[in-house]
Amino acid sequence: MEEGLKIELGKQGVFVTTIEELYNWGRRSSIWPMQFGLACCAIEMIATTMARYDLARFGAEVFRPSPRQADLMIISGTVTKKMAPQVVRLYNQMAEPKYVIAMGACAISGGPFKQGYNVLKGIDRYIPVDVHIPGCPPRPEALIQAFMTLQKKIDGQNLTGEGRPRHLDAEAQGEFPVPVQGEHDLEPSSNRLVWPLPMKTGIRD
Amino acid sequence: MLETLDQVFVLLQHWLVGFLPAVLQPVAGVLLSVVVIIVLFPALFALTTVLERKGLGRIQNRIGPNRVGPFGILQPVADGIKSLTKEDIVPLSADAAVHFLAPVLLVVAVFMGFAVLPMGRNMVLVDMDAGLLFFFAMGASTELSVFMAGWSSRNKYSLLGAMRAVAQMISYEVVLLMSSVAVVMISGSLSLTKIVEAQNQYTWGLPHWYIFTPWGLAGFVMFAIAATAETNRSPFDLPEGESELVAGYHTEYSGFKFALFFLGEYLAMFSISGLGTTLFLGGWSAPFSFLGWVPSWIWFFSKLLLSICVFIWLRGTLPRLRQDQLMNFAWKFVLPMTLLNLMVTALWRFLGEGWERWVFCSAILMLAYVAMGRIGMRSGHIGPRRYRYAE
Amino acid sequence: MKTIEEIKAAIEAAVPGAGVEVVPNASPSGQHSLRLEPSHAFEVAKFLRDDAELALDFLSNATGVDWPDKEVTEKVKVKRLVTKTVDGVEQSAEETVEESRKRVEPGCLEVVYHLFSMAKKHGPVVLRMKTVNRTDNVELPSLTPVWRSAELQEREIFDLFGIVFTGHPDLRRLLMWDAFKDHPMRRDYVDPDDYEYEPTAHEQVLARAAAHTAGEQIAGASAGAIPGGGQEGIGGK
Amino acid sequence: MASNPYFSLAVLFVAALGFGLAPLGLAKLWGMVFSPPKPNAIKNSIYECGLESKGDAWMQFRSAYYLYAIIFLIFDVEAVFLLPFAVAFTGLGVAACVSMLVFVLLLIEGLAWAWAKGVLTWA
Amino acid sequence: MSFVFYILAALTVAGSLAAVLLKNTVHCALALTVAFLGLALLFLDLDAQFAGFAQILVYIGAVAILVVFAILLTRGSETPKDGVFSHTWLVGLVIAAAVFAVLGWAVLGSARVLPHETAAPVVTVRDIGVALIGRYILPLEIVAILLTSAMIGAVIVAMHDKEGAK
Amino acid sequence: MSLSGLEKEKDRPEGWNRPRLIEPDGEGELLEIAMGPHHPSTHGGFRMDVALDGERVIRLKPVFGYLHRNHEKIAEGIGYLGSMPYTDRLDYICSLTNNWAYALAVEKLTGQEVPERAEYLRVILGELTRVQNHASSIGFLIQEMGASGTPLMYAFREREKILDLFEGLTGSRMMCNYMRFGGCRVDAPEAWLTAARKVVAGLPGFVDEVDRLLTGNEILMARTQGVGVLPPELAVNAGVTGPMLRASGVNYDIRKVDHYGIYDRFNFRVPLGDHWDVYDRYMIRMLEMRESISILEQALKDIPAGPVMDAKAKIRGFRPKPGEAYGRIEAPKGELGFYLISDGGPNPYRYRVRPPSLINLTVLEDMCLGSDVADVVLIFGSVDIVLGEVDR
Amino acid sequence: MTPLTGFLLVAALLFSIGLAGALTRRNAILVLIGIELMLNSANLNLIAFWRYGPHPERLTGMMFAIFSIAVAAAEAAVGLGLVIQIHRHAHTTDLDAINRMKG
Amino acid sequence: MLGEGILKGLAETAKNFAGSFVSAERMTTVEYPEERIAPIEAARVFPFLVYDGTDWESGMRCVACQICEKECPPKCIYIEKSKDKKPDAIGKPQFYPAKFDVDIAVCMSCQICVEVCPFEAIKMDTEFELSTDDRFGGLLLDREELSKSNEYYHQIHPTEAAVVDARLTEGRAKADAKTTAAAITGAIRGAEIPKRPAEGGD
């Protein structure tokens, strides 16, 4: 056994570690996505669940239509400004713990349609995104790979302590305000709590 | 030896109980049986969910869950842990108390049904004189819990789903009752144990299962249809018809409450399959007299699993009916057929032992089935079509 | 299939004073169009649909085009009275002088309809209508009562171009939300300032960034400091 | 006491109740110890396809449901009489069976009437 | 007279009290099912197995559903603003109390002459069936007529408007 | 009760081919539910505001725009070629036919010629697209009927084979971006054609399988026959095109009418429906798949050698002369048209897509009124829309 | 106290509660619920008397109770149907309001 | 008879169920992380920059002409042209991109950059396993991350790469001839854009 791990175990107690492992294993092995498609990527998402790629192998074919029973929201496609409030509301209505995969260029950044007046330039302006998959649309394998990335991420989460994920932290915010459709644009145009301005200028150093 | 294997659970129970003082022995015996029921069927539920997901997968040319645990058999465990640790959401405007009670009531009502099912020779929790009536009385309470779930959520889809579910369940409950009456008429008892024993006889090595009689077959078909509808399984899964009603009456349920609904649905499937097995498929009796040495409980559970496989198969194949068609089907086709079947059953008894009763009863039922099917299709203006091509 | 001139003649025979005008199309497609007078457009449309020979029963496509106000610089020959001293004598003579003048050619909004005939299997016949200007007088008659297929397309034109179709049964925004005020397909539409951050720093991006930062500072002065901290807070890590 | 069948049923009832309640309690406990619930106005509002819910779901329904319920009720009651008859059927003579047939036919007549009246047509 | 009886009696009375006291009509209906269940269990306690299960089947399975449907059909699940009790509630209460007093007095007064517990009778369903088809054949047929006419009557009453619409 | 936005209908003018409104019978309350934008059966962000009397639909208002991605506006800001990959994302199930329609419109605008081999390739790819579109549309339709996805899985099993072909030739499964003005981007190697022949040879078996699984199914027949009837007069007036129109019994197939491409060389028939309902739409798609397979067989047999690109075609600096053109093809969902106005610049002055999906939805309310809620989902599914195209 | 007394008292209590409900509630459906309770208390009496009566094997009380269940169910169906009918005309199930309308 | 079609359908699904155990035709699942679908040569996902030789910086074919940046429909390429010239793989001094960023969070894999590139410098990669939780760090590729060797190009698109190589050699030979000719006249020109047929990538 690794030395660091031992110390960690000593600190947390084996009990918590076991529970944590079980908890993470349960969460990661049973991720039910929400039946939620937006655009082109939704077709690839459907293709992922179909015979050739079969997302069911991971126990994730249980697409729940109701957000109450879903764990994972796959933002599969362009989020328009008309749709964004609904997406945020649905995300809010999901039960914790919940994860978001931004599938495809449009969901991450507006993608090819980012020049449009009605296109939200990335869903992570309003809700926290766990995994981004680039691609337009990403191949089904890419979605499976993202799904595995998400599983890895869940595996790495602690049950207690500072590094614990948002849903285990009583202090962390649980509500993500729904933007309002204004006369010209969505208001506000981003949620500062999940989307702090990365940089002031547009140029990467 | 084989006798021992057949009674292995009974003996095991006696042996275990034997360690206790004599006063406590009966109580402990009951407790033990109850624990077995409480553990066994949820375990079967877990198994069935994997079976269903893998079976559906195979039907659809794919593998199905195979990563969680060996061959994916730990999938339900993971689902359970996930559901257990999931946040429980109760909408603010919902009726919290009823919202909470509905899934619990469902599970309790469904569990109670298992009390009278004979799962093997001498393997029944309670052998009551009015066992069948008890079973239906318990089944009737599930409707109420479904209604409670839908109503208390205060969600339009839930309420609509619940109303549909209740309407559907009451309609098919009549059929269920009436098709069982036929069996009772011949076996002369409401006790399920006696009904099985009545079927546990062989002529030329073949069993006297009621499904092998004309009225029994018809009754079984009607019973199977009604059972599918009663458990809200495809093609009668309208209440949770997700294509229009999102998730039906449990739209607003999350976390383990939702899991309880899921559990309840599957347990209802087991209990109704168990009843069907008991009434028509000879319960725990062997299909051929020479297979009599195989322990009785194996037969019961294999028949149960077989009927569950049929449920899965149907689900993998059929689209779902519409509400009005479902109701019409229940009241205008299945119920008349079942009532007719009652008469035919009476006729069966009065026609004596000869071959005539086979011919007559089969002919009546067959004719009625074909005629009613024709009339139904024609009055609904449905049927195969021919198509023309331009030029 | 009649030629465009024949159709024009047929229309003028059927609807007196229709004021149809042929708009030629230079491209190889050769799809010339007819410009209709809005006041008679409805009757003309009805005629085109119901005429036995044309039977244009199928309105395939309806769309708007925005022709913004154009600032035209044109050379104008102007006759001017010039006083010249010719041979010591002051003469006033007219002279043509070239002068470049700027004037604003008022733009308009235009609707284009493509008609086909399903019965006769011919087409397309292209109809166009113009509004008077782009600001206040943007009404055109709706052809939805003649062809249902215009219903959603005219709503879309209303939404994106701002042409008001009189006689349309249900003129609401089609694509944008109801509270939205602008007409984004117009060529002078300015995108909302929703710049946040774009890593590929093209010139337009930088310009938008600068504009946004300016706006942000004005808004941010009252809102106070923005919580920063990079990406670590994101995604429930 | 234990020989009483109702005792077994009562035990089963309690066990089933426990089976239903225990995981819910466990989930609650989990929520208290580790994963605090995060209720908020949006989450705890009614789900309606991602929109704000309009109007109350507790509304007035149509009588079609009620009509079916009536017929169901009658048949349920009929079943209560049919079951003891069916149990006794093996030992009954033709006369008894005919009188039962009359009973059943009377009810079938009601069903046929309802059918003819269009009650069984889902509106 | 046992501890079981007290529990069941308490359950029944509590259920029925809730059924008449609760504000929300659907809650009342649900409380009513509890009362029915308690009654059914009392029947079982009285060794009337068949009657008990029949009670559950008919009342919880069907009548409760009927009541609930009726409530939803009449918008009854809304709690009225101006109270759920009639303005003559006091009179009603007094009458009910008086009735209870009289009944209770009668029961308690005759307690000594009432028969004591006897050995539990063994009643099988078959016995009931035989009795039904024998001694009680006339009531059975009358009940059939009653049920049919009740069904027809109830349907006519409930669907009246539907007819008019057609 | 408030029927938000629905009351306006009373003011509809004379001559308006309005849906026959259904009056509630006063029994029970009207229930207004919003189906969508997140609803399991709306294929993405689409919404239907439905007013129900019991379970019967008495009003239905579609709400569009949840996927309005400003395709037309963007296209007016980038070059002609730059719009080609965007057309992929219109009807994202049939990117190749979108490419074709756009290329056709530009070719009309510039008068470019298309080499013969490229025409053949276009037909092959277009018909493959049609087959996979119809297959998956049937799959989705049955999925909406609650068949737990089995037909959809079979459809996608076959679709994956066709997508493999697309990827092998064009490089992408869905967003092919393959056709160019005056031809096709790359030539198909012989190995690809062989693979295509193999896939096409397997298609009739697949259609037979779906036929056996569904066509005679009593539940399917009961659910779809007599549901969502669309009379031909209304269909024509409302500009409905594609399989929906032909299911309403109108013989109008642009492949036969416009003689675009080289469709004249192939033998195929146009199936027509006589009952105008959802079942007809389902069957027309089944029959069209068979016709498409026959076209594919012919095209794959006859395909000539040669270049696939007009030698005069330009990739960079493409500037058509001023003018305008409207080009249309028979896309799997109906008439897909592109209307382009060129002012001589590198970008189109006006770029308009005539989306069959949107215009086919004009009659959604007419078809749904008076039917059950469950039927709304079916009728909507039978229109076969893709929201990328509806909202653009 | 004999066991029978207990049952009779419970039945009396139920009857009174039902009566009180029927007399005091405004909602017609709840009045019917009260009546149902009263009928059921009678059933309890029947069964109790049958059980403690001199000839339980003759089933008289039991059969009476079963018939009574059937009749009460029919009564419920018709009664609720009437309530629905009233609601359809008066748009309320509030008996006070209906009385007022009449008066 | 009623139920016939249902039975037929049941038979069909039963056939598929049984078939899934025996025939590959009926069990089409490719278990992705372990098994993979045979790589498709034409597949394209995101662009990369080809370099010749071993060193990505000196061997880069891109000369920062910025055509792809202009033609890119979604504007996901950002190039800054160098101020100075560096010798390229064959030693000719060329401009080079001081900065070459591709935001693959925007890229729509349309391959128009490849089509318009006159230098065969930008090609499409087949790598798709790029999911990350880091929106900016993981999805904005700079020129180092974008650079892949010509060998790699040959590996993923063998046919196409062979054609490209042939074309390049031909172009270079022509250019060499020209440079020789130009050397005679003493006029050294910069990058000559070799014309290539319009057919596109292959």
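A, B, C, D, E, F, G and H label the chains in the order they appear, each numbered from 1.
To be clear about the criterion, contacts are C-beta pairs under 8 Å (C-beta built on N, C-alpha and C of every residue); 3 or more make two chains touch, one makes a residue touch a chain.
This structure is a prediction, so every number in the text was calculated from the model and none was measured.
Q: Mind listing the chains that sit against subunit C and also against subunit F?
A: A, H
Q: Report the chain whose CA-based centre is farthest from the CA-based centre of subunit A.
A: Farthest from subunit A by mean C-alpha position: G.
Q: How many Å are there between the centre of subunit B and the centre of subunit D, using C-alpha atoms for each centre?
A: Taking the average C-alpha coordinate of subunit B and of subunit D, the gap between them is 15 Å.
Q: Provide the C-alpha centroid distance between subunit D and subunit H, rounded to the nearest whole angstrom.
A: That gives a centre separation of 63 Å.
Q: CA centre of subunit B versus CA centre of subunit H: separation in Å?
A: It comes to 58 Å between the two C-alpha centres.
Q: Scan subunit C for residues touching two or more other chains and write them down.
A: Residue numbers touching two or more other chains: 175-177, 184, 198-199, 201, 231, 234-235, 237.
Q: Return the residues of subunit B touching two or more other chains; collapse runs of consecutive numbers into ranges.
A: Residues 59-63, 83-89, 128, 133, 136, 151, 156-157, 163, 166, 170, 173, 188-190, 242, 246, 251-252, 255, 316-318, 323-324, 377.
Q: Can you tell me which residues of subunit E touch two or more of the remaining chains?
A: Within subunit E, residues 50, 54, 57-58, 61-63, 65-66, 69-70, 72-75, 77, 124-126, 128, 132, 143, 147, 150-151, 154-155, 158, 161-162 contact more than one other chain.
Q: What does subunit H use to touch subunit A in their complex?
A: Residues of subunit H touching subunit A: 28-33, 36-37, 45-46, 73-75, 101, 103-109, 128-136, 138-140.
Q: Provide the residue numbers of subunit A that touch subunit H in the complex, in ascending order.
A: Going through subunit A, the ones touching subunit H are 51-54, 57, 105, 108-115, 122, 124, 129-136, 138-142, 144-146, 148-149, 153, 198, 204.
Q: Sort out for me which residues of subunit F touch subunit B in the complex.
A: Within the complex, subunit F contacts subunit B at residues 31, 33, 35, 39-41, 55, 142-150, 153-154, 157, 213, 215-223, 225-226, 251, 253, 256, 269-275, 279-280, 283-284, 287, 372-377.
Q: Help me check something: in the complex, which residues belonging to subunit G touch subunit E?
A: Touch list, subunit G to subunit E: 1-10, 12-27, 29-30, 32-34, 36-37, 40, 43-44, 47-48, 50-54, 56-57, 59, 62-63, 65-67, 69-78, 80-85, 87-88, 93-96.
Q: Quick one: which bits of subunit C touch subunit F in the complex? Just the residue numbers, please.
A: 25-29, 31, 57-61, 63, 65-66, 112, 114, 118, 121, 124, 126, 144-153, 156, 160, 167, 169-170, 172-177, 184-185
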